[in-house]
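What follows is a pair of complexes built around chain A, which joins chain B in one and chain C in the other.
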Partner chain A sequence: MSNNFLNIKSLSVKVDDKLIINNLSLSIGRGEVHAIMGPNGSGKSTLSNVLAGKDGYTIVNGAIDFSGEDLISLEPNERANKGIFLAFQYPVEIPGVTNINFIKTALESNRKYRGLEPIKPGEFLKLIKEKSKILGIPEDRLKRQLNVGFSGGEKKRNEALQLLMLEPSLAILDETDSGLDVDAFKIVADTINSTRNKDNSMLVITHYQRLLERIKPDIVHIFVDGSIVESGGPELANEVESDGYERFGDAK
Partner chain B sequence: MQNNLISKNFNHSFLNSESLTEEREKAFLNLKTIGLPNKRVENWKYTDLTSITKGLEFKPGKVDIEILNKDLKGLVVADFEYFIKNKDQYSKPTNYLKDEGVVYLNLSYASDARVIEIRESQSEPIVIKITAKGPGVTFPRLKIDIFPNVEAEVCFVYNGGEGFVNQLTEIHLGKDSGLNLYRVNESSSIHSETFLSYLNLNANLSMVNLSMPKNKSRFQVYNIFLDKHSSTDFKSISIPSNSCHDDFLIQNNHISSNCESNVGMRAILDKGVICSFQALIDIESNILSSKAEQDCKAILLHKEASMNAKPEMKIFNDDVVCKHGTTIGSLDKDQIFYLKSRGLDKKSSENLLLKGIVKNYIPNNSLLNNFLPKAYQ
Partner chain C sequence: MSDKQEKLSEEDFKDPYEFGFETDIESDFAPKGLNEDTVRFISNKKNEPEWLLDWRLEAYKRWLVMKEPDWSSVRYPSIDYQDSYYYSAPKDSEKLESLDDVDPKLLETYNKLGIPLKEQEWLAGVAVDAVFDSVSVGTTFKERLKEDGVIFCSFSEAVQDYPELIKKYLGSVVPSTDNYFATLNSAVFSDGSFVYIPPGVRCPMELSTYFRINAAGTGQFERTLVIADKDSYVSYLEGCTAPMRDEHQLHAAVVELVALEGAEIKYSTVQNWYPGNEEGVGGVYNFVTKRGDCRGDNSKISWTQVETGSAITWKYPSCILRGNNSSGEFYSIAVSNNYQQVDSGTKMIHLGNNTSSRIISKGISTGKSSNTYRGLVSIHPKSKGSRNFTQCDSLLLTNQCSASTIPYIESKNSESIVEHEATSSKISEEQLFYCQQRGLNEEEAVSLIVNGFCKDVLQKLPMEFAVEAQKLLSVSLEGSIG
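So, the complex of A and B:
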C-alpha cells in the first residue's frame, strides 16, 4: 500500500471551455513537502482552488484521492475538516467579523467535526496569543475585522496564523511569500517550516526560490500549461531562478 | 358604510380639539389639495400609501408615548400644550416640506405629542417608546431640542398596532451639540414617519436605525444643514419580517458650507420582502467644501425578495467630495468559499457573513444589540 495520502491521477480541469489543468498526475506522501513552480497562467492557482473545492471549475477527467477518500465528492468545509488548508494568494475581506471570532469559529467547527470537545475560552485565548506572538501579529489585530484594511503582508501573516491554529495535515501555500517584506517573509516562512513533521505535508506554490530556501522541499515540480513537465530535487528551483522557464517549454 | 382612509373622507373632526384651529384648517386644505402620497409622487414611487391604507377605517386610534427616564437632570418634557403655546413651531416642518401630504395629515389631526428639551449633557440614553394599540389612525408628534454644547443619546422604540401610524419627528440641534440617535422599528402598524433635523453651527447627528417592521413601513428623513461645519451620519439596517415592506428615504440638504453627510444602508431581505432606499445629496451652487457619501448594500436571501435603490446627487458646484455605491445581490461567493475552506458549512458561513453585515453597523456594545434577532447578537 502506498504511503501517499494525496494522489492526483490524470486530472484535467476546464474553466468555461478552456482546459487549464491537463492530464496532471501528482502524489504527495505523508510528511513530504512538494513545491510547484511555473510561469504566470500555467494553472498553479487553479490546482490549489480545485484541491480546496472552489466552485467554477469543471473536472473533465481524472481523480483525486485524499487519505483514501474521493476528494472531489467532498464539500470545501469537509475537505478543510479532514485536514486540507489553503493559504490564499488573495485572502478576502469579511467586514463585521472579527479575526479572533472567525478563527475560534473555524477551530470549533474543526474540533466538532473530529468529535472533540469545544476548546475552553481561556485556552483558546492563550493559544492564539502564543501563535500570534510567534508571527509578530499584534494583539489588537486579532480584534480587527477579518482582513479588512489589512496590508498584503498582514493578510499573509494572518493566513499563516490560521494555519498554525488549525494544524492541517495538508497545507497548500498559494504564493504565500508574495506581498511580504524581507523581515515578514523570514518570520512567516520559518514559522510555516516549523510546523513540518512526519505526518503533515505541504504543497508550496511559488515563483521564487527564496521561499524554498527556508521551506526546503523534497520535490520540486515545474508546471507549464497545466501539467508537470519536470520534477526533481531543490536544484531545479535554483535552475529556474537563474535561467527561467524557457527550457521547460515556456518562452514568455 | 365603510369610511375608508382616502382623502375625500377626511373630515373636520379635528375641530373638536379646540386648539390650533387655524393651523389645522390650513394644513387640512393643503392635504385636500395634495392628497395622500401615491406612486405617481416621485419620492413615494416605492410606497403607494393611498393604496395600502385604502382598506383602513378612518377613526382615531390609540398610541402611547412613554419616556422611560424623563426625570433625568437637565431634561424638560412637555406634551401637546407646548404647541398650543408655541404656534409658530407647530407648522414649522412645512417651511421645508411644502408638498408632503403625510405632514399635512399629521398637522391636521395631531393630538399626542412630546417635546423634550435636553438642556444638559446626559450620561445615559433617553428611551422613548411609542406603542400603537389596536386599529385606527394615530398621529404622534415628537420634538427634541438639544441645547448648545450638549451631548446626548436618545433611543426611539416603535411597537404594536393594527392600523396606521403617521408620525412627525423633529430634532433641533443647537450650536456645538451632538446627538447619538437610535431607532428600533418593530411596528405591526402601517408606519409612516417623517423626520426632520435642523443642524446649527458645528452640530452633529449620528443615527443608527434598526428597521424590522412587521407590516409596511416608510421612514423619510430630511437633514437640513442650517449652519456651517455641521454633520450627519445615518446608518440603517433593514431586516423586515417575511412579506413586509420597508421604505427608507433620506435627503441631505446642504444649504450651508463645510458640512458633511454620510448615509449607509444594509438590508437583509427574505421571502416576499420589498425594501427601498432613496437617498439624495443636494448641494446648492453657492455652498462650498461639502462632503457627502451614500452607500447601500442589499442581500437577497430569497428569489421572492426585492430591493429598489435610487441614489441621487444634485450638485451644482465643483467644491465637493462625494461618492456613492449600491450593490444588490446574494452573498459573495468568494467570501463563502473562504469560510468553507476553513471548515464552516454553508449555513454557518452564510450566517456569519450576515451577522458581519449587521455587526458592522451594530457592534456588540451598541445599545441596539439587544434588539437584534438572536442570530445577529
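So, the complex of A and C:
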C-alpha cells in the first residue's frame, strides 16, 4: 500500500493545444516528502492544478492513482475531502466571507464526507486559536474577509493555517515560500514540517533550496519542460542552488 | 356586466347568510372581469363606508384612461384584465387533497428550507383542519401589542375599527392615481395589513405577516399601510421564505409607510413567488408600488428586500424625505434565474434639509434571466446639505444572463453630495476552484460566494430572517452554474 499512495503514470497534459506536461511519471509513498524544483514555466503549477482537479486542462494520456482510486474521475471537492490539499501559490480573495467562517465550512464539509459529526463551536474555536497562535496569526485576522486586503505573506500564512486545520493526507505546496519574509518563512516552513508523520505525504513545489533546508524532502525531482529529468536526494537541491538548471537541459 | 348578474349580486349583499352556506360560497366570487360593478361588489362585500367606495371608483375611472407602463426592461404578453376574477374569499380557493397532489419540486424546496410538514400543507394549499401552534402564538402576540396600544390587523378590520386613521392616511403616500398598477390596486384591493404605532412606543416585537399561518396579508391586490406616530419605532417583516402555491398570475400590491417626527420604520421583505418553470412558462407578474414618506423631521425609513421569486418583478420601494434631517435606506438583493426578469430599484426624493439616503443593491443573475437596477436620486432645490450614497453591484453566474444598472441622478442645488458606485462581475472560476479545493461542492461554493457578495444587505435583515434568507439564496441558485 505504502508505495502506491500517489501514482502518476505517463501523464501528458495540454492547455489550449499546448503540451505542458509531457509523459510524467511520479510515485509518492505514504509518509514521504517529495520536492519538485524547476525553472519558471516548466509546468510545476500545472501539475499541482491537475492533481487538485482544476478545469481547463486536457489530460491527453496517462493515469493518476490516489490511494487506489482513479483520481482523474473525481471532482475537485471529492479529491479535497479524500485528503488532497493544495496550498495555493496565489490564494484567492472571497469578499464578504470571513476567514473563520470559510475554514469552518471547509472543515465541516470534510468531516461530513468522512461521516463525522459537526465539530462543536467551542472545540473549533479552541483549535483554530491554537493553530493561529503557532503560525503567528492574530485573532482579528480570522474575522476579516478571506484574503481580502491580506499581504502576500498573510495569505501564505493563512494557507498554512488551513493546512493545519484540515490535516490532509497529501499536501501540495505550490511555492508556499514565495512572498514570505525571513521570519514568516521560518515559522511557516517549520510548522508545516512539524505536521510530517508516517501517514501524511507532501509534494513541495519550489524555486528555492531554502525551503528544503527546513522541510527536508526524501526525494528531489528536477522538472524541466513538463517532465522529470532527474531525481535524487536533497543534495540535488544544493546543486540547483549553486549551478541553476542549465545542466538539466533548460535552455533559459 | 348584464343587469341580470348585477341583480343577483345585489341580492347577495342584503344578507350574506340568507342563502345558506353553499350559495354563500358561490357569491364569494365576483363575476369575471373588471368594471364598476366589480368595484362595488368588493366594497360591498367588505361592508366599506361610502367614502371608500367613492375612492375606489374614482381610482377605477382613472385607471380606465391610463396606459400600462412600458418604460421598464420587462417584457410580457399583454394582460387581459377582463379575463380575471377580482374577488374571491380565501376559503374558496381551490384546495388540494393532500401533499401527493403538490408539485414535487415545491415540496423539495420546502424540505430544503426545513419547513414543518403541517406548514408545508398549508403553504401548498392543501385542505387542512388541524390547528397550528402559530395561531395561538398569534393571539398571545396580539394581546401583548394591545398593551402598548399598537394596532396590527388586517386592512379590512382596520376599515371597520379605525376608519378615521384609514381616511387620514390611505393614499396619502401613494395617491390612487399614482401609476397604472397602483391605481388598479386602489380600485380592487382585497385585503392586506394595517399597522399603527402610537407616539413614543417602540414596538416590542418584529411585526410580521410571516408567522407563516397568518394568511390575511397575502393576495393578488394586497394593500399595506404602516403608520409610525411621533418618536415611535417599528420593524415590519413581510413575506415568507417558502414559495407559495399561487394561481394568480398578476400581483399588484401597494405599500404605504408614514413616519412622523422622530419615528423609524424598518420594512423587510422576502419575496419568493412562483418564478415559472425552467422554460419560462408561468410564474407571477409582480408589479408593486412601495413608498415611504418621512413626513416628520428626524424620521427614518429603511427598506430591505430579498427577491428571488416571480417571473417578472417591477418594484421600486421609495422614500420621500420630506422632514428635515430625515433619512432613507434601501438594501436589496435581487436574484434572477432561468427566464426571470427583474426591473427593480428605488427612488430617494430629497425634499427636506440635511436629508440623507443610502442605497445598496446586489443583483445576482443566472440562467437566461435579466436583472436591472433602476434607481432615482432626486435632490430638490430646497433640500440643502443633503447626501446620497449609492452602490450597485451585479454578479453574473452564466454567460446567457444579463445585468444592467440604470441610475437617474438629479441634484438641483450645489450644497448636496451624491455618490454612485457600480460594479459588475462574473463569478470567478478561481474563487469556485478555491472553495472546491477546500472540500465544498460546486453548489456550496456558489452559495458561499453569493452569500459573501450579499453580506452587506443580509446583515440588515433581522437575525432569524437573515438565516432563512441565506438558505433561500442557496436554494434559488441550485444548479445555476454549468
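In this text, the second predicted complex is superposed on the first by the 250 of 252 C-alpha atoms of A that agree within 3 Å, B and C clash if a C-alpha of one lies under 4 Å from a C-alpha of the other, contacts with A are read in each partner's own complex, and residues count from 1 in each chain.
As a convention for this text, a contact is a pair of C-beta atoms (placed from the backbone, for glycine too) under 8 Å apart; a residue touches a chain by one contact, two chains touch by 3 or more.
Since this is a predicted model, take the numbers as computed values, not measurements.
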Clash or fit, chain B versus chain C on superposed chain A: clash
Which superposed partner A:109 touches (first chain B, second chain C, both, neither): both
Which of chain B and chain C A:68 touches, first, second, both or neither: neither
Touching partner for A:121 - first (chain B), second (chain C), both, neither: neither
Partner chain(s) touched by A:77 [first = chain B, second = chain C, both, neither]: both
Touching partner for A:149 - first (chain B), second (chain C), both, neither: neither
Where chain C runs into chain B (options 22-30, 166-174 or 238-246): 166-174
Interface residues of chain A shared between complexes with chain B and chain C: 52-55, 75-77, 79-81, 85-86, 88, 91-92, 94-97, 102, 105-106, 109-110, 113, 145, 162, 166
In the complex, chain B residues that touch chain A: 332-335, 337-346, 348-349, 352-353, 355-360
Residues of chain A that touch chain B when the two form their complex: 52-55, 75-77, 79-81, 85-86, 88, 91-92, 94-97, 102, 105-106, 109-110, 113, 145, 162, 166
Chain C - residues contacting chain A, complex: 428-431, 433-442, 444-445, 448-449, 451-456
Chain A to chain C touching residues, read off their complex: 52-56, 75-77, 79-81, 85-86, 88, 91-97, 102, 105-106, 109-110, 113, 145-146, 162, 166
